[in-house]
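What follows is a group of structures, each given as structure tokens.
One chain, subunit A, links the two complexes that follow: it is found with subunit B in the first and with subunit C in the second.
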Partner chain A sequence: MTKNLFHDKTAQWTIYAVFFLCLAAIPAFVSDGFLLNQFATYGVYAMLALSISLCWGFGGILNLGQGIAFGLAAYGMAMTMQMQSQDASNPLPPFMANNSLEQLPFFWEPFWNTGFGIVLALVVPTLFYVIFGSLMFRARVSGPFIAIMTLAMLSALYTLILDMQPYTNGVNGISPPAALHIFGTDIDPYSTKAYWIVFALLLLTTVASKLLTQSKFGLVVQALRGDPERVRFLGYNVALYETVIYTISGLIAAIAGCLWVMLVQYVSPAQFDVTFSITMVIWAGIGGRLSLLGAILGALMIQGGQSYLGDQFLNTWLLLLGGFFILVVRFLPRGLAGLLEKVLGMVADRQPRESGPIARPLAPHHAVGASEK
Partner chain B sequence: MGILEIHNLNKSFGGTHVINDFSLDVTELTLCCLVGPNGAGKTTTMDLITGRQKPTSGRIVLRDDDITGLGEHEIAQRGIGRKFQVPAVFRELSVRQNFEVSYSQEVNPFRNMFRRQPAGFKSRLDEVATLTGLKDRLHVEAGLLSHGETQWLEIGMVLMQNPAILLLDEPVAGMTESEIEKTIVFLNQLKKNHTLIVVEHDMSFVREIADVVTVMHMGSFLAQGKLSEIENNPKVREVYLGEPEI
Partner chain C sequence: MPHIEFASVVNALILGLSIASIWLIAAIGLTIIYGTVGVINMAHGEFLMLGAYTSYVLQSFFGLPFLLCLPASFIVVAAIGLVIERGLIRYLYNRPLDTLLATWGVSLVLMQGVRILFGSDPKYVSVPEIFQSNVEFGFVSLSVFRIFVFGFTAAVVAGTVYLFYRTRFGMQVRAVMQNKEMAASFGINADRVYMTTFAIGAGLAGMAGCLFGVLAIVLPTMGTAYVVQAFLVVVVGGGTLVGSVAASGLTGELQSIFAMLSNDTFARFLLYVLIVVFLRFRPRGLFAVAKARR
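After this line comes the complex of A and B, so read on.
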């Protein structure tokens, strides 16, 4: 029996390279700005699925509130872009005037500066995750209770932002009138420039995440998914490790939030919607939460399916998606990537021993780790 | 002066005294067996030493370092390793990965992000894998090991940690005769470089390994000494052994 190709690191990196080359080829074939914009939006969803795969797949932290980081960052970005359209003579965004505010609220002030605004859009959610995460993990909250707490926090933020009508424009949200202006140019959301920015950041976050899962840190995180108690008795501060992986996943979701607003020039409390955060978990679940690329492909498949098949099936689409999800959870707990792992394992078993240069005696096909590594 | 000293330890759960004024001195490079009937407080004592439970009062000192009330990971870092009663290994990871996680010289998450394989790991892995007889099983998923192998794996994991003191909670539970014999040889070898505290029920096993036997009864210290002394101790016979022969 030979080694399962699924666990071969060179093969994994090759597949990642092929995937990103395909993404890089898209602008050459797609000239329609709206379509390109849609693909870029899928890239943002892919990033969210990646973040879920990190904390849920690798860390076992079932985070149903990833919208917290995504939404907070999206608001930060929208505020930054909104302030680009204001100036000293007209400092008040129109919706504030409509809500009879006379002065720019103090927490809007830092967003005058584009660079500082974007930094805030990333730092605020990240700090939020550090604090919220360390509170949860130090109290040794685990399993379904994490899901409940993150969900509750998400709903609380949703209500909060909805209720602060004069400052956030409530349910209508913020729609910055112009495209993001940065580094001396406008980032037209329908341009290839916007697509490349999303592409570059998706590539960066994916490679960083992949390296992270292959590091000793990643191994400890995978170990504590199975048995946090054991990890603790080996000398690791489990709460710290959990907080760090949760925060990294939050930072990736925050980057996604910024990019999303850059692409759609809009934000509303809908980004804090419970359904959206649960959808992210479904992407990772169907694609394969233990495989970063699996989760990414899950997001692309389901969102693509929703855009094209969803129009034809209308309301039955959600029913189909739900049914599909139940099937995957029941029969493929490791998602479609897990199915591939099984198939490749069977292929490896069939091959005669001599054919494998890296044949390992005594190692059954499902031997190397539980997860893609 | 022992490497580990327990002074007047007390633990009560809502008025029920589980550990009563228990003191113990463990000498370096010895194997101390902790015996006693069910409910004597042996596992609770282990929990108190390793920080899983906090004592109501009393002090635990490791090499002049007061470790009372510290967190589990802090105590583990100071050199106390523990093997659980029910074998706890990472079932989804390979045997090799189990050993890799257990090699916990560096516990800082940020430094571990940029590290694939820490220095000294390879030679240590080789050593421990040979000792535990798992050399050919390194790439097997830990969940697929036999019960005996799982016990060995966990002992190996504790060794990877390279602790000053090893606490083993019923290490031979569920092992076959030949596996028990192997364990006896192994533990006697281990004594040369490590201090061990073993909780055990099986008296014939205790006879083979123990330098010192400490008997607990109802959460208190009852007797301590060589097994032969313990066997002839009338107090021990009365409360624990209950019959003239063991």
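After this line comes the complex of A and C, so read on.
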């Protein structure tokens, strides 16, 4: 029996390389700024799917509240960009004046400084995940209860931000008037520059996540997905491992949140909507939660399909998506990537046994085959 | 600390009871399904919504009186629940996370299906005139319908307790809950117990939805407004009937008191945070059934 190509590390890395080369080729073919902006937005969604795959697929932590990190970071970024349009003579964003605030609220003050603002946009959600995660995991909250708790926390933040109308502009959200100005240049959201920033960060987070899952840490995390009690008896601090993987996935979602606001110049409580967070889980679920690239492709496929069909068929599309998701959960718990794994496994089984039971595949040769799938 | 009058405290407490009864009737179907079958039913909110639409259709197209809409919603939504259990849920009993996701898919399909059938514009369920008036208790004013909801919830709880603790079926359910294999070896058809319980839970949700159709407007998305509270009641209560009654009473009163001191939305935020902290110390809820750790 030959080894399943799906599990071959060289083949995996080759596929990743091919995928990112394809993404890198896009600006050469797309000159329309609007379309390029849309592709970059898909990149952000891909990053969210990646973060879900890391947390749910590898850690077994079903996080239905990933919008917490995404939304908090998005608000931080929007506040930073908003303050770039204000100055000492006119320190109040227009919506605050409309809500009859006299002074800039104290928690807006740090966002005067762009660098500091972006750091805050990343640190606040990450810290939130550390605290919330360690609270939950040390109490040994597990399985479906984590899903409910993250959902409850998400709803709580949603209502809070809605409620703080004078400070967050409530349901209307914040729309910074100008593009992000950083390192001496403007990042026009419709430019190739913005696309390359998203590309670089998607590449960085994907490679880091891939390396993480292959490390010893990643193996322990996958072990506790299977049986946390056994891992605990082996002497590992399960809560610590869970908190760390949960936080890393939160950090990736936070980066995605910042990039998203950079691209669309807008944020509203809708980013904390329960439906949006569960949509992320659907991307990863359909694409394949046990495969980082599978989850990414799931996000690209579903969001691509959604905007291709347009708003006219949105209701039908969501109906079909729900139905398809039910089928995937019922018959393909590992998503489309799991289907590929099965097919490649069958191919491997059918190949003649060349050199006995401990046959090792010729990695580079197979890798070429994999890239042609 | 603002000056708090005695009257407004009493008012808040009575309002809290009313909120509690609404959350309890929303949560009771979920409690039964979670407590017995162990399924986290994400489509629960949509079962509520279906109940509301059932009443709307029966009332506006067939002229059924409101009080008959309640049992009719129960029957219709229980039948839908039965189909979903037979067609999907029963294959996923040993995969709790997957049932959660699959039922989310179900909820998406139900919501979009209703939206395509009935459109996104709001519908209304009307009640007899006697329910539309208000009653004064000294300094507290409450609508008759809210009192009806309170009484109805109490009756449903009593009925459910009777079903689960005083009938042969209830004994079978509790036997299956305690030990499925043992119960099966005594000749109880566990599969059928699960099926029936799921259908009853769905039906109760449908009946609650009929009430919510009166309390608020009927929309395809109306279920999501109640489902998070319903989940929290179940989680805080630990999945037992008594637990859900206590949890809804507690959370309803807290919500009402916090709302008196600030406003509705901030009260909800505070309540959610408190519940998360509470679960840190009692992860299995108020009245946790002592279960052997796996």
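Please note the rule applied: the second predicted complex is superposed on the first by the 351 of 373 C-alpha atoms of A that agree within 3 Å, B and C clash if a C-alpha of one lies under 4 Å from a C-alpha of the other, contacts with A are read in each partner's own complex, and residues count from 1 in each chain.
Here, a residue touches a chain if its C-beta (ideal position, glycine included) is under 8 Å from a C-beta of that chain, and two chains touch if they have at least 3 such contacts.
Values in this document were obtained by computation on a predicted structure and should not be read as measured data.
Trainee: Between subunit B and subunit C, whom does A:318 touch in the aligned arrangement: first, second, both, or neither?
Mentor: A:318 contacts subunit C only, not subunit B.
Trainee: Looking at the overlay, what does A:229 touch: subunit B (first), subunit C (second), both, or neither?
Mentor: both
Trainee: Look at A:148 in the shared chain and tell me whether it touches subunit B only, subunit C only, both, or neither; answer first, second, both or neither.
Mentor: second
Trainee: Identify the partner contact of A:140: answer first if only subunit B is touched, second if only subunit C is, both if each is, neither if none is.
Mentor: second
Trainee: Based on the superposed arrangement, let me know which partner A:219 touches: subunit B (first), subunit C (second), both, or neither?
Mentor: First partner only, subunit B.
Trainee: Applying the document's definition of touch, where does A:336 land relative to subunit B and subunit C: first, second, both, or neither?
Mentor: Neither partner.
Trainee: Report for A:118: first if it touches subunit B alone, second if subunit C alone, otherwise both or neither.
Mentor: Once the two structures are laid over each other on A, A:118 reaches no partner at all.
Trainee: Looking at the overlay, does A:78 come into contact with subunit B only (first), subunit C only (second), both, or neither?
Mentor: Touch partners of A:78: none, neither subunit B nor subunit C.
Trainee: Considering each complex separately, which residues of subunit A are in contact with subunit B in the first and with subunit C in the second?
Mentor: In subunit A, residues 229 are touched by subunit B and also by subunit C.
Trainee: Note which residues of subunit B are touching subunit A in the complex, please.
Mentor: Touching subunit A: residues 50, 71-73, 76-77, 81-82, 84, 88-94, 97-98, 100-102, 104, 106-107, 109-110, 112-118, 136-137, 139-141, 144, 157, 161 of subunit B.
Trainee: Show which residues of subunit A lie in contact with subunit B when the two form their complex.
Mentor: Result: residues 212, 214-217, 219-220, 222-223, 225-227, 229-238, 240-241, 244, 360-364, 366-371 of subunit A touch subunit B.
Trainee: Spell out the residues on subunit A that touch subunit C in their complex, using ranges where they run on.
Mentor: These residues of subunit A touch subunit C: 62, 132, 135-136, 138-141, 143-145, 147-149, 151-153, 155-157, 159-160, 162-163, 229, 274-275, 278, 281, 285, 315-316, 318-319, 321-323, 325-326, 329-330, 333.
Trainee: Mind listing the subunit C positions that touch subunit A in their complex?
Mentor: 40, 88, 91-92, 95-98, 100-102, 104-109, 112-113, 115-116, 224, 228, 231-232, 235, 263, 265-266, 268-269, 272-273, 275-277, 279-281, 283, 293-294
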